[in-house]
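Some structures are shown below for you to check.
Shared between the two complexes below is subunit A, which has subunit B as its partner in the first and subunit C in the second.
Right after this comes the complex of A and B.
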């Protein structure tokens, strides 16, 4: 399988009152054609900023460095105009909040059409037909009527379907879904995930799925990267990640999932929270919260190591010669 | 037509619209409605209280107050529309672009100029501008318009600042929509409600500001009738002929109320949640 997106040493910095801080710090990963890559991590560890860097939709005080190669082109070097041709057409995005991702003043049909008319040279009628087809494709009943309805007339799940229809309207090669199901209730979550899976199989697009829900990862993804404090700490295919998690952070994340069969009295948690970007620890960024931390962890930052089918950023897997 | 019906259903907005329509009607057909020439002086009938011949009475020069109120509507409606029109043409685009693009021009140039302009009382600013431009109705309108512009910049910019971070703006960007289209199709319509409210309020203030400038000799030149100048002239006659202040005052009150009700109605109408 060929790589569709290659992110190399992506470093996104923000100008803040504390000077320039890097919220994404040297991230590398690859998404291959037709593959679903899961990006997992706590709130504030740089998942969303990574995706916004790829799309070049960062707030104005943020600037990305490194390389984002999409089909060989470095997106970070394109002009805004060239980028607008890529957004929606080649890479599309699904946002977290279906309640606010649609403009309340336009009908949903018009908003789907907008994407189509912008990228395809087709007439309004054809665009309308395509929009209705898309609504049907995302499993909307009464697609013809929904076309003329306003977002406030739809439920959260239906709005998220509309967002997916919008994202898929121009057959993008990559869809970045930023916590697409977080704001939905559980039964709707399952439906939306199923729909995404179905559409992916039909169209062969790649998906970058950002989530903090390991259950979603297990269900949807082929490969996973685990992010912590702006860095990739572990990368593996989904099976080996769940069977044999390496990084203490990943292990901690897995232990904090409730399990029906388990009779634990307390749910395990990872103590503390992600360090602030301007107060990063000197050594390993996870060391202050890690139960297995060794002296070296607090002194030197570990490299991302390749261990057979895993990549892992941890001193536990380094033979240290003292 | 369908949306017109929906608008009419908003109730208070309908009353406002009727008042404004009545105003427009009176202004258009002033010649037919007014029984006398508004500027004709009749020294036999000075300071007559309201009677059968002069239903609103006459002023100190024997002019028929009803006719002057009727003709004054022309000046007032022009003052309201032109001054606010100028203010919006200047203010709204500046607010849209500075709010959307932010940065140096927004923060250090445009907003500081606006701070400086708003540091002066509105009327002083308008006075200063019309002193530079010279007297006359057109220049007075320009002066009032420029004086109003900062409040439109501020209110538009404030709206844009919050709207530019809405997820649907990001969502539109993520499907490749261009900045201009985002500004005019996604942001402006959502920002319109407060701008329209501001416009209706400003129209009311515009009528008053025109009257003030006219009184000071910088606006409408006598003997042309405008409500504000009539009020100002009648002020010195308060003890002899209080009725001379009633009618222009009442006219201003009703029209200002009409603009405000219209603004409320429009706001309700523009919100799709209440449109259904």
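Right after this comes the complex of A and C.
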């Protein structure tokens, strides 16, 4: 399979009161054609900032370095004008809160149409037809009427369907979905996840799915990267990751979630909390919270190692030469 | 055993006012006739999706919202009929833990002031005794005495929720109502708080009414669980029964919708059609019928009531009649 997106040594820094801090610090990953890559981590791990760096949508005090190769082009070197041709056309984005990403003053139909007209040389009528077709494709009942409705007239699940319709409208090669179901109830989440699976199978789009929910990852993704404090700490295909997690953080994360099959009296916890971006530990960033930390962990940052079917950033898996 | 809390036919309707004269043109039936019993020492969970009335139920029990109708028996008194002053005094025995630890602590007070305030309001102990209680309680929730002089902004979300729990505990209440206490927290922190609550349950013999949308969390912490849909309880049973043998079609759909963190498990999923109907204009008969795959003619007209289908499992569904 060919790689559609290749992120190499992405480093995104923000100017803050504490000087320049790196919220994404040397991230590498690849998304292949037709693949769903999960990006997991807790608040502040840099997963959203990674996606905004790829799309060049960072707040003005943030600047990305490194390479983001989309079909061989480095997105970080494109002009804003070239970038606009890619956003929403070849790479589309779905955000967590559909209410804040839709314009409340325009009908949802017009908003989908606008995206199409921006990227395609077609007439208004054709664009309207396409917009209605997209609304039908995402399972909207009464698509013709919904076309003329405003975002506030729709429920959360319907709004997220509109966002997906808009994202799919120009047949993008890659969709970046940032917590697309986090704001939704479980039964609606189930509807949206099913829809995304269906559309992916139909169109062969690649998806980068950012989430904190390991359940969603297990269900949707082919491969997964786990992020902690701005770095990738583990990468594996979804089965290996859940069957044999390697990094102590991944293991801790998995053991700390209660699940429906679970009969444990106590959950495992990860003590402490995520380090602040301007006070990163000198060695491994997870070391202060890690139960397996060794002296070396506090001194030297580990590299992202390639193990059989895994990549893992941890000193435990380094063979020491004696 | 005598129940600690007995809710009977609790209703909370919010009027919809429209027009220039703000005439009441209808009601949002947020809570529409709930019966619920909580025994001392047990943790009862209320689960449901947004808008099902679970939070309103919690607030109405504590009379942070005035009930429209119904009785709330606590300690031999009907809370719904108490005067404001009597209710204020009774709140010493029922405390609440809120969802958002950022919004529920006064940013201008120190932790010590926050914790002392409820003791002062209820006039408990001398100044020295109050301080001693506060110093004890802060350690119970896993923080240190040194933390008492700091302000809420010095703490992380998990620590703030510990403070919220300390504030509820400081009065040694008989009942704690926890409304989505771990929803705003990251999973690694969520597990710390859940474990803390489990410890407190044991050490203080706490009775807990645990309101949450997260079925896995509810399963982890509760002894009995009530499932709410559109202002009503559709199923209530002890945890083991409910999760092994969910009997209401809504409970079944809800359980099947939870994504499992195991790529090898492929469960039969019941995908519900459509959205939650508006509680201002609920469907006739069984309010779940428009989304239910088993709905019959009877479901469209007759309102089902909770009935015991064995082992104390109460289900409100016409399909289970005569079982």
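The definition used in the following text is that the second predicted complex is superposed on the first by the 320 of 322 C-alpha atoms of A that agree within 3 Å, B and C clash if a C-alpha of one lies under 4 Å from a C-alpha of the other, contacts with A are read in each partner's own complex, and residues count from 1 in each chain.
Everything that follows uses one rule, which is that a contact is a pair of C-beta atoms (placed from the backbone, for glycine too) under 8 Å apart; a residue touches a chain by one contact, two chains touch by 3 or more.
Keep in mind it's a predicted model, so treat the numbers as computed, not measured.
Novice: Which of the two partners, first being subunit B and second being subunit C, lies in contact with A:189: first, second, both, or neither?
Specialist: The answer is second: A:189 touches subunit C but not subunit B.
Novice: If you tally the residues of subunit A touched by each partner, is the higher count for subunit B or for subunit C?
Specialist: C
Novice: Does the superposition put A:150 against subunit B (first), subunit C (second), both, or neither?
Specialist: first
Novice: Figure out whether A:60 sits in contact with subunit B (first) or subunit C (second), or with both, or with neither.
Specialist: A:60 contacts subunit B only, not subunit C.
Novice: Looking at A:229, would you say it contacts subunit B, subunit C, both, or neither? Reply first, second, both or neither.
Specialist: After superposition on chain A, A:229 lies in contact with neither partner.
Novice: In the overlaid three-chain picture, which partner chain does A:174 touch, first (subunit B) or second (subunit C), both, or neither?
Specialist: neither
Novice: Just to be sure I read the superposition right, which of the two partners does A:84 touch: subunit B = first, subunit C = second, or both, or neither?
Specialist: first
Novice: Which residues, counting only subunit C, touch subunit A once they are in their complex?
Specialist: 49-50, 156, 158, 186-192, 194-195, 198, 213, 215-217, 219-220, 243, 253-265, 269, 271-272, 275-276
Novice: Flag every residue of subunit A that touches subunit B in the complex, lowest number first.
Specialist: It is residues 55, 57, 60, 84-89, 92-93, 95-97, 100-106, 111, 114-115, 118-119, 150, 152-153, 163, 166-167, 169-170 of subunit A that touch subunit B.
Novice: Which residues of subunit A touch subunit C in their complex?
Specialist: 42-43, 155, 157-158, 185-191, 193-194, 212-219, 238-239, 242-243, 252-254, 256-262, 264-271, 273-274
Novice: Applying the document's contact rule, which stretches of subunit B touch subunit A when the two form their complex?
Specialist: Going by the criterion above, the answer is residues 102-103, 166-168, 170-178, 185-186, 189-190, 272-273, 276.
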